[in-house]
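Next come two complexes, and both contain chain A; in the first it sits with chain B, in the second with chain C.
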Partner chain A sequence: MTTGSLPFYLLILITLIVFYVSKDMKFKQWILLLASLVFASYYSITSVVTVTLMSILNFYYAKYAIKGGNYTYTKLVVINTINIASLLLLRKLIDLGFNSLTTFSQGFSNTSIVILGIGFYTLQNVAYQIDVYKKRFAPETNLVGYILANAFFARVTMGPVMNIQAFNKQLATLPVKFTEENFTLGVQRILIGSIKKLVIAERLTFTVNYLFDDPHGSQHGYSVLVAGLLFTVQLYFDFSGYIDIALGTSRLFGIQLKENFNMPFRSTSISEWWRRWHITLIEWFTQYIYYPLAYKLRHARTTATLVAIACTFFVSALWHGLGITYIIWGLCHITYLIAETLLKKQTMALQKKTNPALYAMIFTPITIALVCFSHLFFRSADLSHATRMIYVLFDFKNFWPDISFSQWLMNGGDDFETSFNLRFGVFLAILYLVFEKRILNTYSFGRYRVAWFTFLTVVLVMLGVFDGASRFIYMQF
Partner chain B sequence: MWYKVLSSLIISAGILWGAQRVAGFMMKRNPELKACHVTQTPVNAEILVHGSCEPEYMIDPDVIDSVTSLKTYNLASDHSDFADNFLDFYLYLKKQKDPRYLFLYVSPPAFDKNVSNIFQTFKYVSFMDDPVVYYTVKENDPYFTTVSNIPFVRFSYYSHFTMSKIAWGAGSFMLNSHSEPKHPNGFRPPIPRANNPLNEFWSLMPEGGKYTWFDIREKYLRKIIELAQKHHIIVTLYESPAYFGNQPVPTNRGEFEEKIRRIANEYHVQYLKYDDLEMAKDPSNFFTTVNMTYKGAMEFSRIFATSINEKVIQKTNQQFLKHTHTSNAVVKQDKL
Partner chain C sequence: MHSKEAILNSLTQIFRKEFSDNNIVLQDRTTADDIAMWDSLTHMTLMDTIEQHYKINFSFDEILSFENVGDLVTAITNKTAA
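For the complex of A and B:
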């Protein structure tokens, strides 16, 4: 059972009925927790055991550490070492032996997830301990709510990463009545998320996998260029599609999760990209790594910023995986952001002088190109494959494929089926990106509109790719 | 609110149902799908060659025409298994005149559970209203059959394959409703390759591997033979040469061949094998273990045509003449 699959929706339906029949808040929380554990058990019993044990450990640790009014730094280091070691041991090191989840392709090709969402809820537990230590929040008193904050089935798989306290606050005010607003906003988000995943991302999957995983896939600079761009688009629609489904599902239960994307393809710089892409993760890294480091090194000014950027993205790369390809991906972004910081005055001056539309026309493609370049490392199976792609990309003598322009226009040198799916997928992706702002505006409209919902349903059913659409890319993290 | 939700569901279902009818109509007009082509355009062959990629890439019906003087059509399609072959054959017989001969490619790997050829549901989505197609699809792809009851999902479920085929069919219908397929006689010559990828193919083969018998394949092989015999079509099973080079042959290949022979004997049909041909020893004739290059395919087509002419067609004609002669003699004697 994956998010967005038929059994997932059946689970939602059953949970919704029981949830709204009951008037008792505690019972509602238990229902959500039970549904979440059922969902996790579909992946593995280890997932259920791990999320429960890690939650109980963190819940009681914070409670007892603060009890004597003496939550020391050593205590914080101990619990967060346990949290991070669990993540490394359970997700990475054990997987080295059993599943080889070390690189993107290997991880993506695996059909089973050993421990669902551990990367995401570990961040939440670490943040919780820091917040309690720093006395930003009092320790949680509701164990069911704590486990639910980590295991909630709508978001356990791939986030969004959220503060446990912020999530639990909403559990205290769960809705008693099934309102039109919650239904409309929830179903609309689910439909749009499903369209992003099944109509657009899935249609690009075949070509992306071929270009990255097949030895004959990327033979020319042009195909490497297409590979980088297509993967970035696929990743966006796959991941943001999941987030939409997660937000929509939560909304049906009256829970509001944090937004994770904000039109990243309109960014004019890498720093803006990171303010629009995987927002909750970057907020976490900013709050718990970047700010403390920048504060500690504040006497060094620019150096402090640069060191903080470097450390933040290095940790982010390690969070994604222990493979060298992730580290190089992180280094790419460190380089981009350092260059951006050093050239900040010049770019700001240029931005002031230039017409905003013209500035966006020049810097948006540059930003996307830089991100796509880093994704060549992020998506490659191993370093040798990534370096081969980079070599091919810059081999200008061999840049264009050996086909005529008319042939390229006709089918891009592929068979009709492949080129049709690719071009149709790209067309739909462009269409979505053009109307993205308008679509985002509909997220706040809480009344059910027959024409709009009919349109979304027809588009999803008619254009969705349903076979094999089982895995989301970020599930492996 | 529920009234509005119900309204949008009913309207969506209506639109999707209409779209399903249009998509079915368009997909059937796609001449490149053999199942669709043979239900739309008269073929009326005397000889049918059938099976998966091996006959599709290797048997040129024009060569058989020239040797036997009988109109031949290649109904085979790549990646197909016996259930596909059964449905293609069933749909062919539904619209075309019964052929006299059916030559069906059968080989030990075709019964192997791990072979990449699988039932390709998407080819039959526009024929789901036919009960034989429906039950065959249901047996081979039960989950699809369940979800295909939702309007249009039968077309969108395998959207990767069906959308392009609907588009092609629509184009074909709008430009010329009787358009011919790219390969009118069904033979799809293998695309010439700069490098012979045979070595790459070998690297995928496990050493000392074994085939695993898949019962459902046997079931559909039997169904093809039974359907043909019900239509009085003379069935011949055959296996084209395979090139193993220095690679170890799967240890139970002989056992599988024996099983095929037993099935052939049970139905009194011939099982022809061509593995002792001289051309089977030349790697330049192959691009995989079982698929030949264009040069190899043309050479094998000639050998195959001559062989079936001698071993099947002439033999049947002689038997027919002998039978007619004997019958006439009996009639004459009776008259006397």
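For the complex of A and C:
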């Protein structure tokens, strides 16, 4: 049962009925928790046990630590060492084959997804302990709400990351009635997310896997260029599609999660990219790593900023995985951001002098190209494969293929379907990106609602790729 | 003790120098969204300059709680009055 699958929607339907039949707030929370544990148990019992135990541990630890008003720094270090060590240890055990029941079947990584969402809720638990230690919030008093904040089925898989306190605030005011607003906004978001994942991202999967995983996939610079760009587009539609489904599902229960994307392909700099891409994760790293470091070292001026950037993206790389490819991906972004910081005054001066449309026309492609380059490391199975791709990319004598792109692609696909899926997928992706703002702002109430929902459903059913679309790329984190 | 208006004026000079932009005019409601150079990459350096100028110290949570220039002016007023 994955987010967006048929059993997932069956679970939502049953949960929705019981949720809205009941008028009791406590019971509603129990229903959501039960549904969340059923969802996690589909992946493994280890998922259920881990999320429950880590939540109980953090819930009671904060209560114990603050007793007598003395939550010491040592106590904070102890609990967050346990949180982080658990994450690293469990990931390592899984990598070593401790439990290989579920593996990625379509390339990208062999990492098992046995412990669902541990990377995401570990961040939330670490933040919770820091916030209680800093006295920003009082410890939570509702254990069910605490476990639910970590295990909530709509977002446990891949976020968005959200403070436990902010999530639990909403649990106190869960809706009694199923309102038209929650229904309309929820269903619309689920349909848009499903279209992003099943109609667009899935059409690009075969080509991306061929380009990255097949030894014949990237033999000349042009194909590496296409690989980097296609993977970035696929990742965006896959991940933001999941987030749309998560936001829409939560909305059906009257819970509003934080937005995680804001049209990243319109960024004109890397720092802007990170304000628009995986927003909740970068906000977490900014709040709990970047700013504290930049604050402590602030008298060192620009050096402080550069050190804080380096540490933040190094930790971010480690959070994604312990592999060298993630570390180099992090190093790429550290380099980009350091260069941007050092050249900020010059780029700002240029921006002021240049027509905004012209500036965007020049700097948006540069930004996307830099991100795509870093994704060559992020997506490659190992360092030798990534370095081979980089070598091929800059081997200008061998940049263009001898045969047409379609013919070359056919070697990987051996049928017309692959070529069609790629072309149609790219066409739909461009179409979506051009009208993205308008699509996301179309809140259809009143008489056009039925027509709008019918249109989205027809697009999904007629154009969706339903074979093997059972995994999202970011699930492994 | 500095008056609110005097603080706003001297902050304007600090912002102009820090961001090399003589067109900056601060108001209470000015936020980071209004000044292109003012973002997470430059925020702490700016705060350090302000601290040095007024010989005061902001706590970490204080710095993160400033939502606009007005909040910053209030914090400086309180600290310089003490």
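Here is the rule we go by: the second predicted complex is superposed on the first by the 441 of 477 C-alpha atoms of A that agree within 3 Å, B and C clash if a C-alpha of one lies under 4 Å from a C-alpha of the other, contacts with A are read in each partner's own complex, and residues count from 1 in each chain.
We take it that contacts are C-beta pairs under 8 Å (C-beta built on N, C-alpha and C of every residue); 3 or more make two chains touch, one makes a residue touch a chain.
A quick note: this is a predicted structure, and the numbers were derived from the prediction, not measured.
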item	value
Which of chain B and chain C A:R203 touches, first, second, both or neither	first
First, second, both or neither for A:Y128, with chain B first and chain C second	neither
Touching partner for A:A294 - first (chain B), second (chain C), both, neither	second
Touched partner set for A:F363, first chain B, second chain C, both or neither	neither
Contacts of A:T302 with chain B and chain C, given as first, second, both or neither	second
First, second, both or neither for A:T341, with chain B first and chain C second	second
Common ground on chain A, meaning residues reached by chain C in one complex and by chain B in the other	none
Chain A residues within the chain B interface of the complex	6, 180, 183, 203, 206, 416-417, 420-421, 424, 448-451, 453-454, 457-458, 461-467
Touch list for chain A against partner chain C, complex	134, 136, 271, 286-287, 290-292, 294-295, 298-299, 301-302, 304-305, 308-309, 337, 340-341, 344-345, 348-349, 351-352
Contact footprint of chain A on chain C as seen in their complex	19-21, 36-37, 39-45, 47-48, 60-61, 63-64
For the chain B and chain A complex, residues of the former touching the latter	1, 4-5, 7-9, 11-12, 15-16, 19, 144, 147, 150-153, 155-161, 163-165, 167-168
